[in-house]
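Two complexes are shown next, each including subunit A; its partner changes from subunit B in the first to subunit C in the second.
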Partner chain A sequence: MSYARTEKGWVREIGAAPAGYRPADQPGLPSAWWRLNRRYTLYMWREMSSVFVALWSLFFLNQLNQVRRGEAAYEASVAARRRPAWIAFHAVTLGFAIVHSVTFLLAAGKGPTLRVGDRRVPERAVAAGAFAGWAGASLLVLLVLLLGGRRDTDEAEGAAG
Partner chain B sequence: MTTSHDQGPDRTEPFWWGLFAAGGGLTALFAPAHILFQHLLGPGGLPAATANYQRTRALTANPLVRLYLFALTSLSFFHWAHRFRYYVMDFGVLGARRAIAALCYGSAILGALGAARTLIRLPGRDE
Partner chain C sequence: MASEPTITIIAARYSPEHDAKPRTQSYTIPYREDMVVLDGLNYIKSYVDGSLTFRWSCRMGICGSCGMTVNGVPTLTCASFLRDFYPGEVVVEPLANFPLIRDLAIDMTDFMEKLKLVKPWIIREDEKPVAQGPYSQTPSQLEAYDQYSACINCMLCYAACPVYAMEPEFLGPAAIALGRRYNLDSRDQGALERLRVLATSDGIWDCTFVGECSVVCPKNVDPAKAIQQTKVDTTMNWYKNLVLPWGRR
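On to the complex of A and B.
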């Protein structure tokens, strides 16, 4: 074992760095680091979900913009979204959106420490609340989509009839 | 005393993180239902309001609905921007951090302005 003299005194010399080693002040990872294990891979897929959800927002806004252009333009955009390519996009986006929801709502239980009196609310209880909120929000969206705008449509049809 | 923040900590981070978290929460709660009911079950026959021009027009004439749609869509852009900023780094692009952040958040701001413009210009109840 050899020793070397440094400013701080004698230190034991360590062996040569293994191949691929990078010192801490020169961070770097193999380009495919996220394929090294399943957690990393899931993390990267989860991050990708935001791309699909933002794209969906853009397309949804574009569809809503057709309302301003009139009935024919709007109906055309609705008809276009029945095409297989759009259905495939929305199916993939739903998958990503669900990955986002599950991971985000599970994380909700890990963030703040909630207390009731002296007791800490368990992580699972917070996550359960978040998932109940998700179910409630989804039900609300369904109800508004099923019932929304009906009265105005009836009035318009009544006036037309 | 003036200091250069170019290499220092990003002091705007909490602000962007706040928008990211708000967007993440809102889209986690509401986006899957919209996608499923409007764009997958809607074309399959579910009588969703968005499949019909008159009903969509009536619904979006409501200011509360517009406000909700603005929050949902614009915050989803900020949620994307914050994740994508770091996603680029995760793929090994470690330089030009400020430029990449500006590009991501700038796109989100443009998206939010576009969302506001789209929703404000929709026909109102009496038009």
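On to the complex of A and C.
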């Protein structure tokens, strides 16, 4: 069987169709196919969220570059990030990152089959474990940031005193 | 005497000899609470309009013949009760993403060709003599593939898959799930042959994990899971071969 793209979409050319049958044009999906049901729409939100995750990754790479260029460059970039537009960017990105993470972890159960002895670990338990891991990792990062911030404050106070 | 309750079924009609494109026709038929959509179509066929064309066979969710789009959702019409729509109308259309033959009957050639590609049968490198008895399996070996063996080839997953709609070369959910079913079978030795078809850009890597195939599957086969697991397995194998090239297979 071969295919050809026409103005209406893909057409399947049936080589040995039974007598009397003829292939019908198969129009492609409507451009707004993702609005046909709620799950298609959620899928598109999930896919779109990765764009924002990528944008934030670029931002982070830029931050690393500022660190490489020296303290003055880094401080200048930090000051620039305090503008409302950047704060809005981070708020929106955080929202999409959460959407991406939640939908990704909800699908964790569809990944590798985990077994305990002879028993298969249920999908929900795998997903719950993934969420627990996410929460644990987030807490760890929060702890590092808080401790790091406190150390900086202590050092600043020590230098001032 | 109270009048007999009725329900309206709006069926898609298409005659390649007469119609430039599909149209719809409305039928009002007697309604009973225990009727499924397929009963309604058979009533129309028997008593109202014998020209209405559709596929069906077992009437009990085994043969996979009667899949159609009911009120926008790919459904087995033998497993979809009219009472779930009553007193509203029921719109019955052919499965999406397949060429239309007539009315509600689609051409499944593409699916059958793709199914053959994954060799959905047990492949042995060394067949043992019949006298040595059957190949035995433990319950856990059976459980490894059991879910995927429930596929009845109804093609609802293809009708629900936007990737298949946009890229007809895509092997599709059911064929991949059945390929995985045999790859997980402890009696089978054909995994490598199948992976040459499954682990390609028209196979598992074409899937973007919309997941609708698993939602509409009437047998809880979960083809989306089969595809994602095959992705994970082939990726792990790739890394294993990279790190341990002497163990390459």
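Heads up, the rule we're going with is that the second predicted complex is superposed on the first by the 120 of 161 C-alpha atoms of A that agree within 3 Å, B and C clash if a C-alpha of one lies under 4 Å from a C-alpha of the other, contacts with A are read in each partner's own complex, and residues count from 1 in each chain.
Definition applied: contacts are C-beta pairs under 8 Å (C-beta built on N, C-alpha and C of every residue); 3 or more make two chains touch, one makes a residue touch a chain.
The shown structure was predicted, so the numbers you read here are calculated from the model rather than taken from an experiment.
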Residue contacts on subunit A - larger count, subunit B or subunit C: B
Which of subunit B and subunit C A:Glu47 touches, first, second, both or neither: both
Touched partner set for A:Arg120, first subunit B, second subunit C, both or neither: second
Common interface residues of subunit A - those touching subunit B in one complex and subunit C in the other: 28-29, 34, 47
Touching residues on subunit B, where the partner in the complex is subunit A: 24-25, 27-40, 42-43, 46-60, 65, 69, 72-73, 76-77, 79-80, 83-84, 86-87, 90-92, 94, 111, 114-115, 118-119, 121-123
Subunit A residues touching subunit C - in the complex, by the definition given at the top: 1, 3, 10, 12, 14, 17, 21-24, 26, 28-29, 33-34, 36-37, 39-40, 43, 47, 107, 109-113, 118, 120, 123
Contact footprint of subunit B on subunit A as seen in their complex: 27-29, 31, 34, 44, 47-48, 50-51, 53-54, 56-58, 60-61, 63-65, 67-68, 71, 74-75, 78, 81-82, 86-87, 90-91, 93-94, 97-98, 100-101, 104-105, 108, 133-134, 137-138, 141-142, 144-146, 148-153, 156
Touch list for subunit C against partner subunit A, complex: 14, 16, 72, 97-101, 107, 109-110, 113, 140, 143-144, 162, 165-166, 168-169, 208-212, 215, 222, 224-225, 228-229, 232-233, 236
